[in-house]
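Input: structures, listed below.
Heads up, the next two complexes both have subunit A, just with different partners, subunit B and then subunit C.
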Partner chain A sequence: MTRKWTRYPKRTFYAFIAPWGVGFVLLTAVPMVYGFLVSLTNFDGSSPRWRWVGLSNYAELIGDGDAWAALVRTLVFTAIVVPLSVAGSLGLAILINRRLRAVGLWRTIFFLPSVVPVVAMAIMWKLVFNKDSGILNAILGVVGIKPVAWLVDPAAFYALIVLMLWALGGGMVIMLAALQGVPAELEEAAAIDGAGKWTVFRQVTVPMISPVLYFQMVTGVIGALQVFVQPLLLTPASGIADVGAAPDSTHLYMVQVYQEFFLSNRFGYGSAMLWVFFLVILGLTMLLVRSSRSWVYYEVDTEGGAR
Partner chain B sequence: MRMRWIRESVTARTARDRKPRFRRRVALAVAATLAAVPLLAGCTVGGSTGGTTTLTVMIGAQDLTKAQIADFEKKNPSIKIKIINTDQSRLNTMLASGNPPDITVSGAVGSANINARGLATDLTPYLEKSKVLKERDLQPINNSFRWNGKKSGTGPIYGIVKDWSQDNTLWYNTALFDKAHVPYLSDTQPTSYDKLMDVARQLTTTEGGKTTTYGLGLEWAWSLYGPMAAMVMQQGGHLYNSDLSKIDFNSDAARRAFAWYVDFAQSGVGPTSLNPLPDGSDYSTVAAGRMAITQDGYWFGGNFAAPNSLTTMRMAPAPIMGDKQVAFSYSGQGWWIPAKSKHKDAAWKLLEYYMAGPPAVARAESGWGIPSLKSLMSKMPQKTPYQKEAYAVAKNELNHSASLPDSPYISMDLLNTTIDKYLQLAIKKQMTVDQACGALTTDLNKTLAQGKSQIG
Partner chain C sequence: MTAIRTAPPQADRKPAVQAPRRPTKKRTPAWMYIVILVLSMFFVGPFVWLLLAAFKTPAEWASLPISILPAHPQWQNFVDALTSMNFFGYAGNSLFLSTIYSVLITLSSAAVGFGFARLKAPGKGAIFLVLLSTMMIPQILTLLPTYVLFSQIGLIDTYWPWVLWGLAASPYMAFLFRQFFAAIPRELEDAAIVDGAGWLRIFATIFLPLSRPVLITSFILSFTWTWGDYIGPALFLNLDHTTLAVAITAWYQDPHGNVIPTVQAAGAVMYVIPVLLIFFFAQRYFIRSNLGSGVKG
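Up next, the complex of A and B:
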């Protein structure tokens, strides 16, 4: 039987969600529909002279080798960066989740890079990575390694990964909070039962923090897929031409999208690329959500609902 | 029955209790909205209130000083100036929304694309009436702002250049030439590109695999189309067809120019996109005494007027590939008034002040470029020996002036990045020069066809 009685009138519910609803409609739904409509045009971003072109932008995208290459590159980049950043931030959190002298200082030091603005960080790394005057090649030179051109292919890809991992401290703080929420008695009980440190970590700690690992993974995948500013900041050019100066190996999907929008002035085609990318991200997120059922452990029952 | 009574009673009480609060909230919301309206209005561009016009001007951070703005506003009490720093993405958005700034800045070379899309105001009627800006006083670079409906160079004028340079000329550090025992470049005769490469090789020094001194910088990140187009014109050829809808890098002249760039990169005598400078431009490396020659226009000399700057710099004519001397500007930054500006008359007043008033004189005297007006040429600095030499070289180069062909169907940035893409493939030997030139031609012609279909 359908429940008709409610403690509060429905309009209270709608009044409370209205701010979010208005925000969703104006800032998400309308731009998405607008973006889809633009993807059906040849709009150049500024001129009133545009026309409807139907699905031809999508048809062109199917045969666009540069766009597909950028998509594959982005997926590979994500597959490398996300596990490294999740494992790295967990590793750092484990390191400082113990009784250490000046533990607060260590936490601050590890966290500091994640509060440095991305532009400042990229400029700093650009100087560090410079082939002729960078400190990295100077250090490598001391041990007899020849100078490496870090900011061009193929090394640029690894330089970008280093840049991404530099701000592990943000994830570390979240992991640290999760680790401190693991009941000590569970770990002690496992130890009394004869489990070694690795077994305790693998069988007790990881399952207990798996919701946080899952959260880090989902947000990490979405963030890594959308990486865009960092590759541009590592290029030698400035302004819109940056996008064309990005080496092949760091020419990720969003860089390609930006190139179509602002270098080629093809807002219609760029919008089509974004819509396809939205579907790809949605698909990947749904895969992650499904996979989480088999490895994420919740202390509360999330399946049963109210009884 | 009892349940229903309780429910109705609770509902009625809740509604009764909420009523006054709800009214207060509504009143607050209305008040907040009313308060926000003027704030939102402040977010829009420009405006006229009480006989005062606010001009929104999107220009470089240092284009107009505070003193110059105050001076203009004092002379024109009904006009106030609001500066927005140059931001291409923001400009696109403002143009698309039909609410553009009243003045903005871009290169005269490269304006064909803007004009073909109908984004700029025809300034010819204003110029004809002006008492301070005269058509006959404009340097030929201003013709790049002209658009006749099909091609740039002739017809109505859509912008005025603020200053310019012939960007394929050279600057060199005599101290590094002395150190390498290399004779100086001629002040009057152009150096051939082959000779320039030899000189660059002699001037380049390396240590442990690192380049300590570059022989030659080409400002690779700024323009590839400009210098290559000059190289082709110097050999008597052209990259574009007559209506600028097709480009050809397969000609002998174009392949020679392309091959020179590949050779330059492979020989390691200067920075390229595969071995970039940290800041993407030559100046800091030149100033550090780590680059002997740089291909930059007259404006580059403005760097050396400051006390404690290098005193060993000299200017030399544009190098040559072939028989014909050709020197031209790759850009020629200037101001234009968007077609949908709501304050065109006031914008023109500021444009006149900036192009022919005290700011124009100050720019001419600074040495940061050749003035856009012939009448200001005498103001160019000639105090120090290097300034005198540079003035003589720049003036002589005016005899070999040409204008860089500017297709309306592609932006300069896209043109440069596409050339760079194929140069990289040839430099890395993933393609031969001939293959790269062929693929570049195909790629660019596809883009040009898209541009032509867009503009119609």
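Up next, the complex of A and C:
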């Protein structure tokens, strides 16, 4: 026992994890608490003559039609983007997970967009979506569809979804690894027992990879709810300075928050919006965690996560 | 794909089930290749269209009906992209910021991962759970309050925020390092302990050099992330000190304030080339990092 004591001095462990510990407190916890304090004021970002206003920012938020509309829009956006990208990345992984010529090339092609910086992504897609000079309308024109103004309402919403789906290659790589982890014997055994392709997929493959599907869903939801740079960059205007230029249909919750901060200079109100949003995200995550118990299948021997 | 050190859950399975892991692969019908080709066009198309735009004259870009190929490649677009703003200056800012941040966050995350993998102290398990759950805290929610806070203490328009973020380690990278370090046999450190080495020395001289693949993964990922980050520099830096990501959206305008698409396309091409090069030479590290997140136990 004494030997173990000297081998692992308590302080050494704490010293090694101190960068994260101190960093978490100073750069995550403190800003969040600070944000909460600001949300109780009418601070405008610069004026020293702010005062405490209690919970009135929160009270105002309850009756704020714009904020509610943005929240609903964000939830709809998330409800569309996350299933599509999880299903899409699984679909691509299934497509790639077979005997193919040049499989490495296809994998690279599907994977590549996910590492492209968001700014470059937005510039590319603005060129593709351009109403008069974009390739998309040119292709649609061949089949007789009139030019669509993709970057303004109401099409901008769909343009944004396409942009999001373009980068699903990261998920595909994860799904691919998950698929390759499913023992072939299980699928073969099911097939021998007379199960069709779809049944094997539904009853064997999906349960086996359900932890990965679940993880992708949770991170996808948390990611999609926060989307905010893409709508700002996908406008005909340029960049963040024109935060007001985001079309209504892509005016997501964080865009609204950003507007309250930097267009209306309502730092207190914006901070209240952030805190409410944090609780919304937390609640949705909890809901997903709870639902996972009914459909995520864990093998008994994978429990030792913290081995 | 073969060198995943972060033991996936399957590694625990009994040998009887483990045998051939390959899925049953049948010959692929031709129509499948057509599907793959169409999908590839969706993923590659925007790159090609960007590249074509970068070589067009403004008139070609705006012509109706559209001209797919530029008549004469307009290298002048690239010259304009480099000279109409201080391209190399901004690229230097991006490079500096990305390097500083990546080096710091890689080392700090390695230390944290080492602590969780090899050291013992009361409360370690609980603290590790906290670390894992902080991965789920939406970054964007802390960013605006951090901005307000930093503007109060004068850290706006400096590179200090990136230094601080780098020093603070990333829970995700720390997790990758932990998985790697946990798999290393104990004998390795035993010998050093007998020789009287302290933990810091064991970490720096034995474990850190061993973790080269994770070091590279962490560095590359943080580097491309910072290079690509838009909202950070847009919020925390003024236009003079900002990075290329912000600069290519803010410049390249004609006297009326309208973006010149062909020049911006040329600028964007030069902006993504470093990322694409890193990707092509280090694809397996990107894949490894994705897998690390997929097998989170």
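Throughout what follows, the second predicted complex is superposed on the first by the 277 of 307 C-alpha atoms of A that agree within 3 Å, B and C clash if a C-alpha of one lies under 4 Å from a C-alpha of the other, contacts with A are read in each partner's own complex, and residues count from 1 in each chain.
Please note the rule applied: a residue touches a chain if its C-beta (ideal position, glycine included) is under 8 Å from a C-beta of that chain, and two chains touch if they have at least 3 such contacts.
All values derive from a computational prediction rather than experimental measurement.
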item: Fit-or-clash call for subunit B and subunit C when the two complexes are aligned on subunit A; value: clash
item: When both partners are placed on the shared chain, which of subunit B and subunit C touches more of subunit A; value: C
item: Which superposed partner A:8 touches (first subunit B, second subunit C, both, neither); value: both
item: Contacts of A:48 with subunit B and subunit C, given as first, second, both or neither; value: first
item: Contacts of A:200 with subunit B and subunit C, given as first, second, both or neither; value: neither
item: Which superposed partner A:263 touches (first subunit B, second subunit C, both, neither); value: first
item: Which superposed partner A:146 touches (first subunit B, second subunit C, both, neither); value: first
item: First, second, both or neither for A:245, with subunit B first and subunit C second; value: first
item: Partner chain(s) touched by A:106 [first = subunit B, second = subunit C, both, neither]; value: second
item: First (subunit B), second (subunit C), both or neither touched by A:133; value: both
item: Single subunit C stretch clashing with subunit B - from 92-100, 146-154, 182-190 or 272-280; value: 146-154
item: Common ground on subunit A, meaning residues reached by subunit C in one complex and by subunit B in the other; value: 7-8, 45, 126-127, 130, 132-134, 238-241
item: Contacting residues of subunit A [partner subunit C, same complex]; value: 4, 7-8, 10, 12-17, 19-24, 26-28, 30-32, 34-35, 38, 43, 45, 92, 95, 97-101, 106, 108-113, 115-128, 130, 132-135, 138, 166, 169-170, 173-174, 177-185, 187-188, 211-212, 215-216, 218-219, 222, 225-226, 228-229, 233, 238-241, 254, 257-258, 261, 267, 270-271, 274, 277-278, 281, 285, 299, 301-302, 304-307
item: Touching residues (chain side subunit A, partner subunit B) in the complex; value: 5, 7-9, 42, 44-49, 126-127, 130-134, 137, 141, 146-147, 149, 151-153, 235-241, 243-245, 262-266
item: Contact set on subunit B toward subunit A in their complex; value: 3, 7, 10-11, 14-15, 88-89, 91-92, 95-96, 117-119, 208-212, 221, 271, 273-280, 411, 413-414, 416-418, 420-421, 428, 447, 450, 453-456
item: Subunit C to subunit A touching residues, read off their complex; value: 1, 8-10, 12-13, 17-28, 32-33, 35-36, 39-40, 42-47, 49-50, 53, 61-66, 68, 108-109, 111-112, 114-116, 119-122, 124-125, 127-128, 131, 134, 136-142, 144-146, 148-149, 151, 164-165, 167-169, 171, 174, 182, 193, 199, 203, 224, 227-231, 234-235, 245-246, 248-250, 253, 259, 261, 264-265, 268, 271-272, 275-276, 279-280, 283, 286-287, 290-291, 293-297
